[in-house]
Amino acid sequence: MNRHLISAADLSLDDAVAILDTAEELARLAQRPIPKLPTLRGRTVVNLFYEDSTRTRISFEAAAKRLSADVINFSAKGSSVAKGESLKDTALTLQAMGADAVVIRHGASGAPYRLAGWVRGSVINAGDGTHEHPTQALLDAFTMRRRLGRLAGLRVTIVGDILHSRVARSNVWLLRTLGARVTLVAPPTLLPVAVGGWPCSVSYDFSTVLPDSDVVMMLRVQRERMSDAYFPSVREYSRRYGLDGDRMALLADHAIVMHPGPMNRGVEIAAEVADSPRSTIVEQVTNGVSVRMAVLYLLLGGSREPGDAPPAAAGLAAAGSGVAGSGVAGSGETL
Amino acid sequence: MAGMSEAAGPEPAGPAKGQGRGGKSVLGSDEIRRALTRIGHEILERTDGARDVVLLGIQTRGVPLARRLAARLAETEGVHIPVGALDITLYRDDLRLRPTRTLGHTEIPDAGIDGMVVVLVDDVLYSGRTVRAALDALGDIGRPRAVQLAVLVDRGHRELPIRPDYVGKNLPTSKREAVKVLLTEIDGEDSVTLQVSRQASR
Amino acid sequence: MIAGGHTQDRGRWLIRDARPLGGPPADILIDGTTIAAVVPSGEGGADLATGGGQLSVLDAGGLIALPGLVDLHTHLREPGREDAETVASGTAAAALGGYTAVHAMANTEPAADTAGVVEQVWRLGRQAGHCDVRPVGAVTAGLGGSQLAELGAMADSAAGVRVFSDDGRCVADATLMRRALEYVKAFDGVIAQHAQEPRLTSGAQVNEGEVSARLGLTGWPAVAEEAIVARDCLLAAHVGSAVHVCHVSTAGTVEIIRWAKSKGWQVTAEVTPHHLLLTDDLAAGYDPVFKVNPPLRTAADVAALRAGLADGTIDCVATDHAPHPAEAKETEWSQAAFGMTGLETALRVVHEAMVNTGLLDWSAVADRMSVRPAAIGRIGALATGLGDLRHGCPVAPGSSATLVLYDPEPITPVDPAGHASRSRNTPFAGMKLPGQVVATFLRGRPTVLGGRLAR
């Protein structure tokens, strides 16, 4: 466990449950007349977005602001980055500005790892290339748990361009950790060669797996993939792997349909499915803020390193009162 | 769980009734019960029959105390007071001093707190910082007509201008001592003991 | 280790108690540019040295004497990328690694596709004087892959090019590769292919496999190398020419070469030191110091490469020394340049991967790192018209006094800050490796003494 959140694969079961439980508490805040907490006052969170993503950036911004943190947005367009400033130099600048946390979305897999080597604050991965998108997987798990009451033993089917999907990867690792059973569905061209070694099943036949699914998660498919011969046409893809009304009718009554957004209505998901009561697409967005608040709180809501606390106060951990449950206290590191 | 300490076999660190885990006994379970009964009556008196009162226990041990108060009043007086729980972790002023703390559960009764008399319930009142945090939390939840404070033990050494409205026991202590409260719902027994602590307390 | 004696450019050297090819200790007498005598220790070697003028003595007790190493695959970057390396700095690094000849690849800026550029590189090598530089000529003009470069002019130039390669790029067009193989027969040339099917490796970053799937990096499948190697072996056989396979990296390629050689075809192959030791899971931290083309592969591939080098299917070790400035490597993986330095660590890595594992003895190391690469480069013992410009000759009287003295004992961490190369991108930084090059001699003149450059 270290002071960053870069990969869902690095979260232990305890870590993951702590995030979900914390998010649960924070979700109630949204109901309050003043949905704001003073907890991260004085902390600075930088949104470093090299890829356009209004939705995710706003979600992190809302999460940080609700905890009273200061937010600085740094987007790639029209900035020094567009002029060729290296990631390293950008990192050193943020460091000099005193960022407590940097939320980074970047087109290159592994960029958050590089960043973590150059900044002292916490690095939160908001999506790196085709590698991972851990907060997405966390909000997906949160949504599943809320809707269906559990995660262990849940049968989750993920459909789409698995090969290029960071959302799929994060979900596979996290759901495995949480005890769910994952099945991936895609044309063979959109599955990694080594997928056989992943902790999940694979199927090329969408309709067959639907009756046994508690959750169906549809991933966005880019039309550009067609020009690289991943599939012959959007029509064929949609026919074989799209979730339309007929396929939705094969689902058990309780089953839910999820999508990380943005959707290609009519390609991977039909409008009637997206708008049905099974669909969690809108609440995923709301849950995203709660989950990101939980992540920010758990990373920034305590001492930075063991050396941060004055010696006398360090003993508070022993004297402790009223901290129920396993908690994350003990070492100076979280997540 | 009375009788737990009477299990057969040697008793190394096992708690003996009335002793907590070492230290001097301040309140035994009977005394705790009587204190809560008295506090319950005082609340009824001073709030005109507990009209518009909400009991909010401060996590962690304030919560079972609040529930007991509500249960006793319902039992003995037939008065039904809404009870809830308030976790103040996110409002603490000392968050940066320790690794991140787990959040406790907050549950505000459906009636809300607007225009109500909120009685905060906690086990020990010490520096007053916990109550200050609770007041901040209440401010973000709604606008009570008044806020009162009930504590099982007041051990002195206030660092903020906060005073309790209802006290189970006034207990002068030195800063080198620790007040240890155990409650059946959480710890399996009821006791309040005074122990010597090696570090300065919170 | 080094006791007494003055450093002299020419004259005579008495190297005492060295162990030629790891054998029993012997005294080696160097007179001018030649080895005059090799006498077992204690049998009067010192007496041979009496008379005849100035003599320098080098106490080489415990040191292994090998013929000077020959690298078939080095990037010296000059002309064009002097920020990464120059001929002077690269050859200095080579000498410190025990090399007395390096083949400088053609992907410079401008590319070495004319007599003019190869002669420039050759001349820069002579000026620097640290080792012989044998420029490699490009196969296609500008490395563009569509038109043959003036291979004949380069062969006839003062640089005497015999090895041709578009390394960095693959000669993917089958017809062009065929023509190139045929054309060089006229002057005993060899085409060295960087085998990488371009369409199968578009945007590729790491070996395609379990690691690439997990890391979300585009994979570089083994088949993209193997398919080209198979094609080129068949082409070379068909037209009766010689093909050399650069930086073999997969088990499949080793098998294909073994098969081709069993047919008697003129196929030779090289492997880099890093492919003998490192695997693709090093990419897990996304540190681009491990990014290289062809990529690091799996443990099974490493095992097959070691076995292939041991049984001679792979003829030699070639460093593919690829220096890059810091900013090319201190960045996101997908933005970073491909390549690792290698000249100063090669012998130590081979020591660790092949000698310490019992797969090669020192005599075999001499074969794979000096004799065979020299032969492939057409500068070996059997080459005609080169006189004492030959390399890979036995450590025996009459041979050119071109050798390296290597101390196999110390185990020290690799420290790139101490390297002579201008660049620091070594994947072995901090790794404990055995051995140390103590001295390198080029035709009787020491280029390295006491582990440092001699001038």
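Labels A, B and C are assigned to the chains in the order they are written; within every chain, residues are numbered from 1.
Throughout what follows, a contact is a pair of C-beta atoms (placed from the backbone, for glycine too) under 8 Å apart; a residue touches a chain by one contact, two chains touch by 3 or more.
Since the model is a prediction, treat every value here as computed from it, not as a measurement.
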Among line, ring, star, complete and other, the chain touch graph is line
Argmin over chains of |mean CA - global mean CA| returns A
Separation of the C-alpha centres, chain A versus chain B, in whole Å, is 38
Expressed in whole Å, how far the mean CA point of chain A lies from that of chain C is 47
Chain B to chain C, mean C-alpha position gap in Å, rounds to 77
The chain A residues in contact with chain B across the complex are 18, 21-22, 25-26, 28, 32-34, 36-39, 67, 297-304, 308-310, 312-319, 321-334
In their shared complex, chain A is touched by residues of chain B numbered 59-61, 87, 90-91, 94-106, 124, 136, 139-142, 178, 186, 197-202
In the complex, the residues of chain A that touch chain C are 9, 86-88, 106-111, 113-114, 128-132, 166, 169, 192-195, 197-198
Note: in the complex, chain C contacts chain A through residues 208-210, 212-217, 219, 221, 285-286, 327, 330-335
